[in-house]
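You will see two complexes here that share subunit A, one where it goes with subunit B and one where it goes with subunit C.
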Partner chain A sequence: MDIKLAWRNVWRNRRRSVIIISAIAIGLAGVVVYEALTVGMTTQMVENIVGTSLGDIEIHHRGFQESKTLELAIDNPEQVLRLVRGTEHVSAAAPRVRAQGLVSSARASAGVQILGVDPTAEAAVSTIAHSLVRGRFLAAADEYAIYLGEALAKKLKVGLGRKVVLMAKGLAPGMASNAFRVVGTFQTASPNFDKMTVYIPLAAAQSLLSLDGKISEIAVRIDRQRSLEQVAATLRTKLAPNEYEVLTWKELVPNLVQMTQLWEEWVYLFAFVIYIAMVFGVTNTMLMVISERTRELGIMLALGTRPLRIFRMILIESALMGLVSVALGSAASFGVVWWLSLQGLDLGWFVRGLSFLGLSRIIYPVLTPSILLISGLSALVATVLAAIWPAWRAVRLEPVEAIRDA
Partner chain B sequence: MSSLRLLMKLAWRNVWRNRRRSLITIASVAFSAAILVFTEALLVGSHEQMVLQVLDTHGVGQLQIHARGYQDDPTIFRSFVPSAKLLRFLKGDRELRGFAPRVQGEGLAEVGQESKGVMVVGIDPELEQGVTPLAAEIVTGDYLEPNDLQGALVGERLLKSLKAKIGASLALVTQTRRGTLGAARFQIRGIFRTGVPALDENLIYLNIKSTQRLFAFGDRVTMLILKLRDPTLAKLNHLKRALLAQVNPQKLEVLTWPEFMPELVQFLRFDSASGYVFLLILLLVIAFGVLNTILMAVLERTREFGVLLSLGTQPRRIFGMILLEALLISLIGATAGALLGSGVSAYVVQHPINLSGSSMESFESWGIKPLFYAKLSWGIAVYPALIVLGLGVLIALWPALRAARIEPVEALHTR
Partner chain C sequence: MSLIRTEGLEKIYRLDHVEVPALRGVDLTIEGEEFLAIAGPSGSGKTTLLNLIGGLDRPTAGQVFLEEQEITRLNKSRLAELRLRKIGFVFQAYNLLPVLTALENVEYVMLLQGIAAGERRQRALAILGEVGLAEYANRFPNLMSGGQQQRVAVARAIVAQPKLVLADEPTANLDSTASSELLDLMRQLNRDHGVTFVFSTHDPLVMERAERLVRLRDGKVFGDE
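Let's turn to the complex of A and B:
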């Protein structure tokens, strides 16, 4: 009954209600799209790092993460890989050798990170094979082939089919070096990574570094992010903790976690300010509503309507407007997010690139149900809160004066 | 003149006819103006500080002189001998806080069994202190003595991955300028920490003389880095032009920080853009709220305008009066907001917001302190307020047009 009455009241002044509903809907849609873009950006940042050079989870010999030394290697890779691949939610796993070295051409040299990979397995855990610019990715039959960043190839002034020399310190005493033939170049979202990373076949890395079948890490991809901790926990129970360390990407790149957190906190602050602006608009509108209906409210009070009921009705009226706004705002944000996700938001409109953040120029929004739910609820709460003062004023009217007033 | 005064007086009275409504409208205008001013003050202030801090921690100076082409192709094959004329000019320039030569190239560092690809940077220990805070970034051991040709400063993370300690012997293998292999032994004298992982795990500082020998450079340098007393972009560009007159532009290139660190400019632009998008959403929400109040105020007075019109008042005067009312409300709101926003900003200028202990600390990995700075200037306080003021009047156009178009007879019939 009260709801029906409040609903009718909302539409007594259509123009006014439409304007305030638009204000809330626009604010809400703005907040939701803003958040969706932020989540889209952080997701992309994580995927660009995790999907290129790390993995959702990495398994090392205990202590490797801290020291990065080749001596702490996994010496039974086949056995561990089998165990990992048989774990639930693991979609792929690949062995890697990770070492530091110097790559030289006739023209220049550069300090690099050497990644020794199994070409087939690596293509399943990382996007590096798809970041191809020229030539091809490593193949299973390759012996001394090298796949390097396009930027690095430019710096070294080498083309496809040319030779470069890799120099590194392996487990054997002294410096080891060998020539590798360039088979392809890649470009990822991170120019730094492109400038200092080379991929060579796993066997070649093991022989260059005298690793004798050992590897530095196993990169693991999982089929859904929300199982991250669960898969890591399972792996930790399966692998002897005094011999292996199992690290999720959140532990591998804590900076990234902090950064994404920071961005999300900012969005909350933005949203908060927008909601305050909404409160101003709604309070003003509801005050107008009250002053317009002074006489009517006076009569209601005079006829014995309980003040609490009037208070409630005004809140309900505001809440109904809020509900309509939330519905419209959500629909609008769906529309905008859908439109943006078709082609992505090209940040090239105002920046040349964000590669230093590990971001591509095109951002795809990610709209999660929780974003929509939390933002919508906050907008609703804001509209109801904004009506409290006007409602309280309505209740405090002196019936006799109110009737005479109009 | 007197009619304008009359109009003014009328508008002023009308604004205060419904005091509560006007006050709330003024408050929402003031709120948006204050947020606008404060956001702008934070953006400008933080960006300025960010630039200075990033340039400092990265030890790159604010202006660099390279051999032509080095920026696009930073290899040891692009170097130059600074002319006596250029050095004299730099020494004589009073705008400069300092300048320092650099020799840098890549190499492989070895300590015992461990090795790692590194960036070798040769510095003049004395001149370096006028340009970068390296000496203050030493956490263990000592900074390089001017005549110490054996000493090396190593980043904290690099030291760890080389499993080395202070005093350890460090071998460096490099490619020389002639294409041959160069190698030499050094001793770790000090450990530095900039907070930027990419620097702390990659850089080794040596005396410039030993670096020149390592790369077979002779008297050549990779770059000169300069730092100004007052590093505004205008002063930097002014100095750049003066330098270009001193050197042969066919051989050397002079770059200001936006040119040698374009990614920093991109980040600042991105940050500003996302700030402005937020302000735009805020303004839209506020605009609708203000539109509502003004429109309602006009509709409430339909009968009044009807009377005015039938008494012969020209519609454009009614139009003007409503715009004037909106202008008054926005003016009071924007002024109050600008004052409030500037007040808060002025406080933050004196007391930067300390966000250490929060996720702001992730900025440290870029060489930025977790502090929020603000900057206040006339432009920062006035422009946002003007935007809000203009918007207020713009919003009132529709209600004003409606009021001017009222049919007198019909209007008189309304209650």
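Let's turn to the complex of A and C:
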């Protein structure tokens, strides 16, 4: 009967209850949608950077990450690749040559990052093949083909089938150069990346840079992010630590980790402000409730209701309002997230300045059960906590005064 | 052994630094199964005396004994337990919990006593039948007349089988017919259940029907008939 009594009490002042329940539900939905968008945005940021040009894990010759020198190359790539591909949770691995160079067309030239890749293996570790704008990605049979950013192609004023010359300082003395035919252009979330990156076949890169079958790095993708550290640790034990360095994307781009943490902290701050507002709203409502029902509470006390039972009844009333709010707020947030996931949220101008972070213009929210569960529970706890002070005031009522005052 | 005994009961209210004496030394003994009215004009201390006897308030001086147990020193929780087990209350008006039906209102006290749901329902229905409101069991208070509501309040007071029912001007908001019916009912229950009824009033009709009439004036007993 306690719950029945509390439930009926909630609906005594229907309009007031609807207002406070709506306020909590809207606040909760706001928190959930904001969090889902943030998770979606950070996941996209990570995927844009990690999936385009890095890898969940990269393996280099020890010291390469710091010096970026071609002298520190992996000279037994097949052996290392076999070892990596045989590791649990590794879904793909690809060899790469990474160097700096100059690309020139008849009209212009630009400093670029040269990525020599095995087209088939690269397509399995990165999304670059899917970022195609014109033409095609590199193919296994290509010899001197080049796949470059659409922005770079425009800068060089070259189209498909046109030749560009790539110059770089390889292991051999002097500058090396070779002509490459444009087979395709790409566009990623990062305009900077597009302006200064070219992909050429691995063998062509090794030849241009006189690497003699050596590579700069092995990019590794794993089948689940939560195994990142575990896979990295396994690879570190498999590969001689004095010869190789195994770095996760978090170590490769620490500022990306900081940025995602910052966004998450913003979500917590936003949620905290919303929950505080909820607490004030519920406290205010419950104080009004206590004030209006003073005589009734006095009669309950006079009949022999223990103060603790009154306290519990007020908390149950608040919890029931919280439960209804959480159900409605969760349903609303689910609906909004579903709608946004169909068409995405266009951040437009806001993202332009943040594109170097790999932020996409269109954000797709990611709603996980844990977001719903934790946000819903927090809202419920907030509504119950908010009723403690009003309930305490109810408990302190003296029956005779409560009956007389009303 | 008397049911209620008060000794030198005094109550002074402090209102904005002004002391207002409500009771000035009341010595009163009430035996079991009495049907007693406390009468007096407004401000004579009737309600205060009932509140002190019922453990709803604490005296400034003096003592109240219920079955020779002093109740004036009990803490809030013990007083709640005492009221629950031994005393039933009927107030002037708006006695019932508005969100509960007549049946649930009557059941409420038994719920507090920890009586099982089946027995609660059975006893509540029986007592509602006894007060003539069986067909109103599932009605909410706002759909009942003042007289019917007071009958439900009496049913609730009696259902827990208390020693004493305290009724503070139970007929104050009722017309003469409803008042008369309520008094008949209380008298009937007093006889059938052997429960002591103590009620305050300034209504001559109610005074006439009392078995014993204690008159209060200016916080003192000045007549006991």
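Operating definition for what follows: the second predicted complex is superposed on the first by the 395 of 406 C-alpha atoms of A that agree within 3 Å, B and C clash if a C-alpha of one lies under 4 Å from a C-alpha of the other, contacts with A are read in each partner's own complex, and residues count from 1 in each chain.
The working rule: contacts are C-beta pairs under 8 Å (C-beta built on N, C-alpha and C of every residue); 3 or more make two chains touch, one makes a residue touch a chain.
Remember, predicted model here, so these are calculated numbers, not experimental data.
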Fit-or-clash call for subunit B and subunit C when the two complexes are aligned on subunit A: fit
Subunit B or subunit C, by number of subunit A residues touched: B
Partner chain in contact with A:Lys163 - subunit B first, subunit C second, else both or neither: neither
Partner chain(s) touched by A:Arg12 [first = subunit B, second = subunit C, both, neither]: second
Subunit B versus subunit C as contact partner of A:Val400, first or second or both or neither: second
Partner chain in contact with A:Thr305 - subunit B first, subunit C second, else both or neither: second
Contacts of A:Glu296 with subunit B and subunit C, given as first, second, both or neither: second
For subunit A as apex, the angle formed with subunit B and subunit C - C-alpha centres, to the nearest 10 degrees: 90
Touching partner for A:Met175 - first (subunit B), second (subunit C), both, neither: first
Smallest distance from any CA atom of subunit C to any CA atom of subunit B, in Å, after fitting: 10
Shared subunit A contacts, counted only where both subunit B and subunit C touch the same residue: none
Complex contact set, residues of subunit A against subunit C: 1, 4-5, 8-9, 12, 295-296, 299-307, 309, 398-400, 403
Subunit B residues within the subunit A interface of the complex: 18, 20-21, 24-25, 27-28, 31-32, 35, 73, 75-77, 106-108, 110, 113-119, 160-161, 163, 173-175, 179, 197-198, 202, 262-263, 266-267, 269-270, 273, 277-278, 281-282, 284-289, 291-293, 295-296, 299-300, 358-363, 365
Residue numbers on subunit A that touch subunit B, as the complex places them: 13, 15-16, 19-20, 22-24, 26-27, 30-31, 34, 67-69, 71, 100-102, 104, 106-113, 155, 167-169, 173, 175, 192, 196, 255, 258-259, 261-262, 265, 270, 273-274, 276-278, 280-285, 287-288, 291-292, 347, 350-357
Of all residues in subunit C, those that touch subunit A in their complex: 51, 54, 56-57, 76-77, 80-85, 89, 91, 94-95, 97-100, 104, 107-109, 111-112, 156
